[in-house]
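The next part holds the structures, each set out as structure tokens.
Two complexes are shown next, each including chain A; its partner changes from chain B in the first to chain C in the second.
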Partner chain A sequence: MTETAMAADRDVAVEKGVSQTREAMGRLVRNPAAMFGIVVMVLLFLACFLGPIVFGLDPEASDFDAVSLPPTFANGHWFGTDDLGRDLLTRTLTGGRVSLLLGVTATLVALGIGVIYGAIAGYAGGRIDSLMMRFVDVFYAVPFIFFVILLTFLFGRSLLSLLIAIGAVYWLTIAVIVRGETLSLKRKEFIEAAKAGGMSAPAIIFRHIVPNTVAPVIVYASMTVSDVILGESLLSFLGLGVQEPNTSWGVLIEDGAATMESQWWPLIFPAAFLAATLFALNYIADGLRDAFDPKSR
Partner chain B sequence: MLSTPRAAEVRASGTAAPLLEVQGLTVRFRTERKSLQALTDIGFSMAPGEILGIVGESGSGKTQILLTMMGLLAENGRAFGSVKLHGEEVLNLPSDKLDRIRGSRMTMIFQDPMTSLNPYMRVGKQLTEVLVKHRGVGGSEAVRQAAAMLEHVRIPEAQRRMGMYPHEFSGGMRQRAMIAMALLCKPALLLADEPTTALDVTVQAQILMLMRDLARESGTSVVLVTHDLGVVADLCDRVIVLYGGRIMEDGPIDDVFYNPKHPYTKGLLRSMPRLDEKTHGDLPTIPGQPPVLSLLSGGCPFEARCELRQDHCKSVFPPLVRSGPRRLSCHEVSL
Partner chain C sequence: MLRYTIRRLVGAIPTMFALIAITFFIMRIAPGGPFDGNRKVTEVVKANLERAYHLDDPLWLQFLRYLWGVLHFDFGPSFKYRDYTVSELIWQGFPVSFEVGMWAIAIATVVGVTLGTVAALRQHSMIDYSVMAVGMTGVAVPTFVVGPLMQIVFGVSLLMLPVGGWDGSLERKIMPIIALALPNIAYIASLARGSMIESLRTNHVRTARAKGIGGWRTVTRHALIGGLVPVVAYLGPATAGIVTGSIVIEKVFSIPGIGRYFVDAALNRDYTLVLGVVIFYGFLIIIANLIVDLCYALLDPKVRYD
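On to the complex of A and B.
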């Protein structure tokens, strides 16, 4: 790039004004580990959501000529087949759809509830705050597994009840984080200034407080995605999660673990995908934390 | 003394209906063990366009007066008395009514420009927010007015700066932006809490002069809280000296500065460094420490440090006596 072009670029950046979030994203992109994590996640998403369509394979189609086949390139079952003759590559990828989708949506649900709840509790303060946070404490005290069993009993075993169960657990921590941030933010002068400017409480919460909690929230959210995926795997492993013939990484790992003494491939591939996802997400979370708090590095 | 234009102005406008009338303002804070009285029986009134300085040491209650008027008192605080803006009571109003007055008819500039702007919102957006809310002007008109106001507070390239974030502004620019925000709705009353303390000296002077000019132009009355007597002398028409949450002395700026009556005011003025003084000794100070509010008895709060103290100073608070434009609260001196 020539000198003048660079200068022009800089001018454009100043012209628009760069938000702290955008600056943080710039730092994130320059962080090799985080970029690696992002690339891995993009590839995983593409593979899981487009792969089965591209390969044109049905995850439920059984190939009875190839039951419990080890991985071969010869007949197209790259990851082998399970004991019903279903292609494991396709099942791993479609299982990944459920795991990733659940991870992202449950995190978004948890974020939505947690941020609003925490910001309101923190801003209201006093008795309302105590009441709202005691409610959170009560939820915290309910064991996760027990809660899921209760919900599946109430709503039946579906992806939705799983989503509700996981979302209902993970919003608690986000609410606590956002409340803490809000407590310190509402003492800041710009909040007083907003009040002095005649802003109403809802306007202050949503326009001034919530955007300022973005740094801790985004870091925590990136960790929550991997937590949720792991949680879903645990529930599926226990038979509380996704039901056959639908599948997820947790279900596949459970099936694979059952036969791992005789066959290694049904366990290794989904487990490797899950591990790769968790690694990538943790790299991203680490990178985000550094990006939003460059001084702590 | 009386011939200065500022004093004359005050006299002239003094005949008009008061813009602000504060009576018997008392603020108590409930702490873990007992209740503290931060302000006691504060009363003053302001004419339109007047610039009033409130001076005093740290903890004398200067800032609390402003916060109480704005309804921004801390949760454990209770305010009694009356604050009337245009004859309308604003003290202890419910927040929805207060929200309509705050920002449009009275507004406040805070001490620290570094934390007074939302770091995640473009400056232009923060400016127009107030306009849209209180004046109901449309988006593009609000942007035009806000940019014009930024221009007015002498922020260079105002149009371009509207799209920038606060961290891309210098301290002086942020404080100018704050002033622009405060003046955007043309409030009748502007409360400024040490608006230049966080800035360096050269910028301080510019900002203060700017505030004064803008206030004069738009007829806005200003209450300026500061512990910088030089600032008060330059800027204000009138000054109230606060000590231990009570008014010690009040009067037109020249009267109080050239002819201080209260021993505390005298002490304050003596402890101000002067360029025209030939002596190079230590700067005189007022011996002792500011009072601990919880230990104050019913007497004069300045009693323990006062050179004129008598026995009754400890037990009886001297009434605030008015004489002409001045008021004084001391047993031992009279106006």
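On to the complex of A and C.
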């Protein structure tokens, strides 16, 4: 950056009083890897949500004259068909809808629980805090996916139940992060001032604490999205997640793995979409981390 | 050190208790008992079965009985495999899972540290960039994709290795072990790269170089010990990752380990087996974390436990 540009930047900052978040977004936009990740994610979302409408094929429709066709442009099945004659492009995209939507919504649920839980634990401090954190520790004893499986016994395996089960487990790390932030925020003068001014504890938590934890929360949310998508695909691959007639990338990868000795295409395409998503989300998460904490590099 | 070990073990007791309680009550609240399967049994038979398994007792009594059993490593009978107890199934599967898991961790550590060290020594070279690319790929391509891909390439196309199954022979172990190790190789390589770059810049390594100790010896004797600390710290979480990975690997390669039993049990609502495996894994991971923390103290003199 040239001298003048930097000066201009500084002037803008002084004039508008640029917020931490906006400043970080500026850094994010200038990070090519993160921008690449964002572009890929936007394309994937567009493809999955608009693609099936554009192609106009039913992901459930079986065409028994076109069973297990290899992918070609000529026959209209770009990704080929599966052993029931269903178009794999349409299935990959509709499966992507479920995977992406579950990834984002379950993360939002996890975020809601984690931020509130962490903020309350950190703000309350003392015995309440240590009790609440002991509870979190218990869940760290076993990989998260096991608890999600246990919860699916309770709630069932519909999409909504999976969303609840995943959201009910993946909030733990966010809670730990927010608690840590809250502990340091609690000592700041503006919180003291709010307390002295007679503000109630819930009001302080929601008006002053939570908004100030936004930076680490955004970074961890982006990591959680890829964790959740990976977790959901893993569950579905094991047959414990998304159930027919719904489909997701995990389900398709499992179907593909079952028929891979004779056909490679049912495995490769959903796997490639899943890998592309995880790649892109990793770049975005890295970019966000660097953007919010430039010193970390 | 001994006092620390004992304190950690005592500290793990409430965690284990809470883990057992939470999993037990989730399983008992969950709808659908083990006898609600496809084969309908008459009410009388069902009542008799429930009495035989003590399912008609009050919940707290069932829990106490279960807890007492767990203390004796008795997780009750499996609901699905009627002739086996859960402990028998766990002991049957564990040696297999343990063998694959330990080899995977060992290979991941050796290969990961080697790759990371080479990358750190040749920073910003082609080798460095390819190691980082491998690291990124290992993070983004999950085990349940890598496993089937390896089967297609090495099993179906090249006919080099058997696609799956388990008879204790080496050639059937190679693919599952590598598939399980890959994500950890990737992660350990990038971890080791970062810490080695830092370690190579420390004063004692520079002093060793200045005193004319050969390049290789400086790296292995002086830099590596500092560089290994984060890698060792990661081996705790890695155990949890290996446990999750083994579920996938054992399904993909049809290996008769605990992970395979667990997935079948979860699909069949074999509650006692699911419970037993979760508790067993919890215990295993707590022990693994303790061992890792103790090794950590041995490697890094700045860490002291008293």
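Worth a mention:
One rule holds in what follows: the second predicted complex is superposed on the first by the 269 of 297 C-alpha atoms of A that agree within 3 Å, B and C clash if a C-alpha of one lies under 4 Å from a C-alpha of the other, contacts with A are read in each partner's own complex, and residues count from 1 in each chain.
The definition used in the following text is that a residue touches a chain if its C-beta (ideal position, glycine included) is under 8 Å from a C-beta of that chain, and two chains touch if they have at least 3 such contacts.
Given the structure is predicted, the values throughout are model-derived calculations rather than measurements.
With both complexes brought onto chain A, simultaneous placement of chain B and chain C is permitted, the two fitting side by side without a clash.
Once chain A of one complex is fitted onto chain A of the other, the partner contacts of A:N282 are limited to chain C, with no touch recorded for chain B.
In the superposition on chain A, contact of A:F292 is made with neither chain B nor chain C. Look at A:L154: by the touch rule set out above, it reaches chain C but stays clear of chain B. Of the two partner chains placed by superposition, A:Y170 touches none, neither chain B nor chain C. In the superposition on chain A, A:Y117 contacts neither chain B nor chain C. In the superposed model, the angle subtended at the C-alpha centre of chain A by the C-alpha centres of chain B and chain C comes to 100 degrees, rounded to the nearest 10. Using the contact criterion defined above for the overlaid structures, shared-chain residue A:F237 touches chain C, although it does not reach chain B.
After overlaying the two complexes on the shared chain, residue contacts for A:V138 are found with chain C alone; chain B is out of touch. In the superposition on chain A, A:F269 makes contact with neither chain B nor chain C.
When both complexes are overlaid on chain A, the residue A:Y220 reaches neither chain B nor chain C. Minimum C-alpha separation, chain B to chain C, in the superposed model: 17 Å. Residues of chain A that lie in the contact sets of both chain B and chain C are absent, per the superposition on chain A.
The touching residues of chain B, counted against chain A in their complex, run 70-72, 75, 95-96, 98-104, 107-108, 110-112, 115-123, 129-130, 133-134, 160, 163-165, 167-168, 178, 181. By the touch criterion given at the top, residues 14-21, 125-126, 188-190, 192-201, 203, 207-208, 211-212, 214 of chain A touch chain B in their complex. Those residues of chain A that touch chain C in the shared complex are 134-135, 137-138, 141-143, 145-146, 149-151, 153-154, 230, 233-234, 237-240, 250, 253-254, 256-257, 260-261, 264, 267, 271, 274-275, 278-279, 282. Against chain A, in their complex, chain C makes its touches with residues 14-16, 18-19, 22-23, 26-27, 29-32, 136, 139-142, 144-145, 147-149, 151-152, 156, 163, 240-241, 243-244, 247-248, 251-252, 263, 266-267, 269, 271, 274, 278, 281-282, 285-286.
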